[in-house]
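Two complexes follow with subunit A in common, the first pairing it with subunit B and the second with subunit C.
After this line comes the complex of A and B, so read on.
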């Protein structure tokens, strides 16, 4: 047997100790375990037809975590002035891609909770993904913070661990009908009939149901109902169906690339109703609207945020600066900002509960009203079922590429263009 | 009646583009017995080629179709040299899985390079132009795409049936060993066929940014419909793929309008199942 020199032995021992200190070798686990970290899982559509929105949602959560983990005295949001929470705990994100598919999102939720051992989940943009993924979290008694999924059904399930920040499509539908009534009154709009176009998904179908309910309650008649397959090669027959029915108003729940296809197909068919109002959809996506240019003008929709809201939400600017470093300069939109709020509110609740006991944090989330300078109303509070009852949105209209606040009137910074100008008169 | 004609025209214009996409797939299958699962992704890559030429160099898609066609021809030839060549003579599943892997690779590569954002080329020559005959609207970009499809499919059909190279292709498709004994370089035929198959979809993808947003997922549904056209028309039959393309486009549009928009793909796949059930080799299959 070959004998090593004492000097070599001491070197090996020294390197082993250094290795262990750096996190390699048998002692590594305990050292990591001693580290004060809280793992949070995110599930967003990072690939697939709505990946552009999903990636921005993920960037929003990362932005919130950067603010929570580090001192940012210049930022006027809760927890920004301190470093970490619970006396030095840092949040570590573990990301997952749902591809916008319910089954993938559910499997990723299971993986994040079972294998990655995350403490809570944030996601998932698509209502159809948030639904099964949050079921997984509920079963395992883990918190699921949902920033932007808008299907009202999500908070009608009486779940204990599910919290949603965005307004629901039920409240948005009521708002849209109010806008139509307001247009009829102020502009002598004589809007009587409504068409609904929506993607054939959890989100779209639910939005359409709520639209029909609200329209009937408001005295309007829904004369056409147009579901479509997301990712279709064309929307010709969909637009021809709308054109033939020729409703005065159209309510749309059309996401991502389908939104630009829809707008361009309407232009091709040389048809527009007098007013179009969109749920959380491609309308709110600043990238899509920029790409569509002047064709995107005069469409309307609800939004919890756009850069034109800066005067109403002064705290956003400093946060948005960090966010834009992660998105190649694309600002927050109504969806992504809700995901940042979801992360911040969860961190506030952990801090206030003073514990990582999920039951205590859940109780704290329900019992308090949270300061949220990144939310339109400035506050967040949850009702039974997890809906944020302070959620607000403004109905905007795109005019020369800018989201003008139109309704409610007290928050308006522009006048509505009604009826929408025809395609050949811009 | 006007509405019927309008819907039918929209459907047929889309159908001709489906036919062009399917023609490339059909050629590859007919000659080589290889199912190219990356066909939809070839379309997507061609759209990116056309988009970036338009965006960076201000080349209109009407001209970029040539560059996109050449680019995808080369991509097809490279795919053959690096992947398909090694799957020939092995169970069909090998080539199928290899091209499936290529599809995932291309999609993710584009997503990584160009982001998942939707890219729209504005101010193109064809742009949003329309021709109007009475109340019937002909969207010019789709009309040009359909005419292009018609020309390219016609040229391929003529090449296969009237040129010596075309006869060599037919001979290779019928019996590779016998073709080799007759002095035909079948390896070269395969290489060129994969290139031409790519070029067809490349030309379709090259013109599409005139009217369609470009994004990494854009080819998926076109690829799927191309498979339906090829199977419905008869594997290996160019006229079959053309007819099936027109049929799929028309059924899609008419079912979408007269039954329900959400029903249009159900009708397309229902028609496909019916044809395959009644005539498993497809309309023109042999």
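After this line comes the complex of A and C, so read on.
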């Protein structure tokens, strides 16, 4: 008998690994096809600069599915008291990683729909990924539920199968300008000038455009406009540009780790405007806030949820318990909770339609107002184009590490600290 | 038994041509859209890498700036459809010509640098273009260009329900670029490029104008790269700067060619045939698990491959051929000794 050389053996091993890779590749999950299941695909950035946010969004959808598939009498959200939907159908999730890249997100949407045979898609956090991925779904007449992407352009495409839960950056911009007017009136703030800092992406650019539009309509003057490349390693020149212009207020669209860098760079430059308000961004991320410690205080932003909203949304606590088992104890944030809502509303629509006929479910989604205890305001309803017209957010301010509700006043649980305290006076 | 009439090299070429003739039949074999997607990407990335191979492999000028030309091609097609609401074809043509012109303009000063300094300069060029395009509203800026839903077919170079059209376009692109490089290999210009690669001073002493050769090589390489970029835009129905004009994209040109075998005709195909399925299938299988498991496995497999065969996939091919030859010689020797 001939002995194979060690070199040949190692190559055989290597090729075996490749073979395993290909053999167990996409399609392996099709064994489940015969069961009474509904496959839903998720596409989130599980790797890359906003991976932690993407992973929490994925965990939120998993949490919603756990509630839908199993009996949870202790949880006060629709479908929790029953097991499955449509008389015993269970939802099975098939996850994909967009890496935060548009082309990867699009390819994964195609794979999930064609190869894995998912019935609908949920995703994709980054607006720049949601756009092409939902385009694929629209072409294939499949539902795309978008929890947290905030670019207003997404729901201006007149798509039939696209539904977005979060408020858009257009509505948030109007809210921010209202806050500035309120500060001027209430605190004699004399905020007149605004600076905008944003990541140069679909999300950031749109947010900045909407901010400028709303600011001008509200009588404020935008005196500086500072874009930066996402994933930047240095924001010194951007902060210096802001400092030089010295606007009274800054509106920020800064995601993930860039947000920490921005805050720390402002501290290094020893500069702060009188007020800073952030779009859904690193500001909302409880992990980033914790990392920044006291430096995160007095920044403001809009949010659909934070643990301090518990009294407004009592049903969240029990759901959050399940969620936190999947995130090493990190609670919901304004983005991840919207993804859970997306899954729950879709399941309610399937149940109400009594069918897995996509057209019927789409019609049902449009025609009804949905109970949503995980949403601020408790309701979800979609307008033509797929925007949730009941979407609400509260403008909060971080004070001693806690998100204090500031505006609207009727929902407030704290008083605004205005102007922001300087870095050396905390 | 080896037929006397067929030389071994010819046999390999016949095998390669036979493989090519089978390629048009791929859509008939698999209707699975994900497998088709992978095959299309293999053809596209092999073509892109082959275009890079002209300047990087044959001419020896390692460029990390090819995503600039790729992006120009993509923006040419994208703007023709999205900005001007027309067919992509005029935009593709403009993109191809513009990429060649830009390549000559930016490379002329860079070619005065050599070795690592040239490579570093090309890195900087990508960054300059990347940032410029991100803030340039005329080309879509950070928002990028999203294709509208228009009639599918060859006229608009886009298909929705099937990937067969894209597959044949990728195949044409592949044959065009590989055919061009094969032709160059036997042409005088191909010899000039290799002479410059092996020793610029020596080549010049023999009368080769190295500057002209390098500029012509990069113009051709950039034009072919832009063609690939246009196809990429049509395939993804979106163009944005991080997608097409980034260091990440530039690295793919180099990685695939080096992995497959730089300066060889089949190297880029071998590199793409290994790297792209690995990238796509690891992501499809493990990507959803989160934590970058797919990327870790992908990285480990590349390291393993590079350690096992630093000459690239072409090195494996040569090693296998050598082993077969040795075995044949040994068998002939045994026969001559009268062994069974």
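Everything that follows uses one rule, which is that the second predicted complex is superposed on the first by the 392 of 426 C-alpha atoms of A that agree within 3 Å, B and C clash if a C-alpha of one lies under 4 Å from a C-alpha of the other, contacts with A are read in each partner's own complex, and residues count from 1 in each chain.
Note that in this section contacts are C-beta pairs under 8 Å (C-beta built on N, C-alpha and C of every residue); 3 or more make two chains touch, one makes a residue touch a chain.
Bear in mind that the values here come from a model prediction, so they are computed numbers and not experimental data.
Student: By the touch definition at the top of the document, which applies to A:109: first (subunit B), second (subunit C), both, or neither?
Tutor: neither
Student: Kindly classify A:170 by the partners it touches after superposition: subunit B alone (first), subunit C alone (second), both, or neither?
Tutor: neither
Student: Could you tell me if A:133 is touching subunit B, subunit C, both of them or neither one (first, second, both, neither)?
Tutor: neither
Student: Would you sort A:205 into first (subunit B), second (subunit C), both or neither based on which partner it touches?
Tutor: A:205 contacts subunit C only, not subunit B.
Student: Is A:79 touching the first partner subunit B, the second partner subunit C, both, or neither of them?
Tutor: neither
Student: For A:101 in the superposed arrangement: first (subunit B), second (subunit C), both or neither?
Tutor: The answer is second: A:101 touches subunit C but not subunit B.
Student: Is A:214 touching the first partner subunit B, the second partner subunit C, both, or neither of them?
Tutor: neither
Student: Please determine whether it is subunit B or subunit C that touches the greater number of subunit A residues.
Tutor: Between subunit B and subunit C, C touches the greater number of residues in subunit A.
Student: With both complexes overlaid on chain A, does A:260 touch subunit B (first), subunit C (second), both or neither?
Tutor: first
Student: Once chain A of both complexes is superposed, is A:342 in touch with subunit B (first), subunit C (second), both, or neither?
Tutor: neither
Student: Jot down the residues of subunit A that show up as touching in both complexes, subunit B in one and subunit C in the other.
Tutor: The answer is residues 46-47, 51, 55, 200, 227, 229 of subunit A.
Student: Under the stated contact criterion, what part of subunit B meets subunit A in this complex?
Tutor: Checking each residue of subunit B against subunit A gives 3, 6-7, 10-11, 14, 18, 107-108, 111, 115-120, 122, 128, 130, 137, 139, 142, 211-213, 215-218, 220-222, 225, 252-257, 260-262, 264-265.
Student: Help me check something: in the complex, which residues belonging to subunit C touch subunit A?
Tutor: 32-34, 37, 130-131, 134-135, 141-144, 146, 149, 160-161, 232, 236-238, 240, 242-243, 277-278, 280-285, 287-292, 294-295, 301, 304-305, 308
Student: Which of the residues in subunit A come into contact with subunit B in the complex?
Tutor: Residues in contact with subunit B: 46-49, 51-52, 55, 200, 226-229, 231-238, 240-241, 244, 256-257, 260-261, 264, 267-270, 287-288, 291-293, 328, 423.
Student: Under the touch definition given earlier, write down the residues of subunit A that touch subunit C in their complex.
Tutor: For subunit A paired with subunit C, touching residues are 10-11, 14, 17-18, 21-22, 24-28, 42, 46-47, 51, 54-55, 58, 94-97, 101-104, 106-108, 110-111, 114-115, 128, 131-132, 135, 139, 153, 200-202, 204-206, 227, 229-230.
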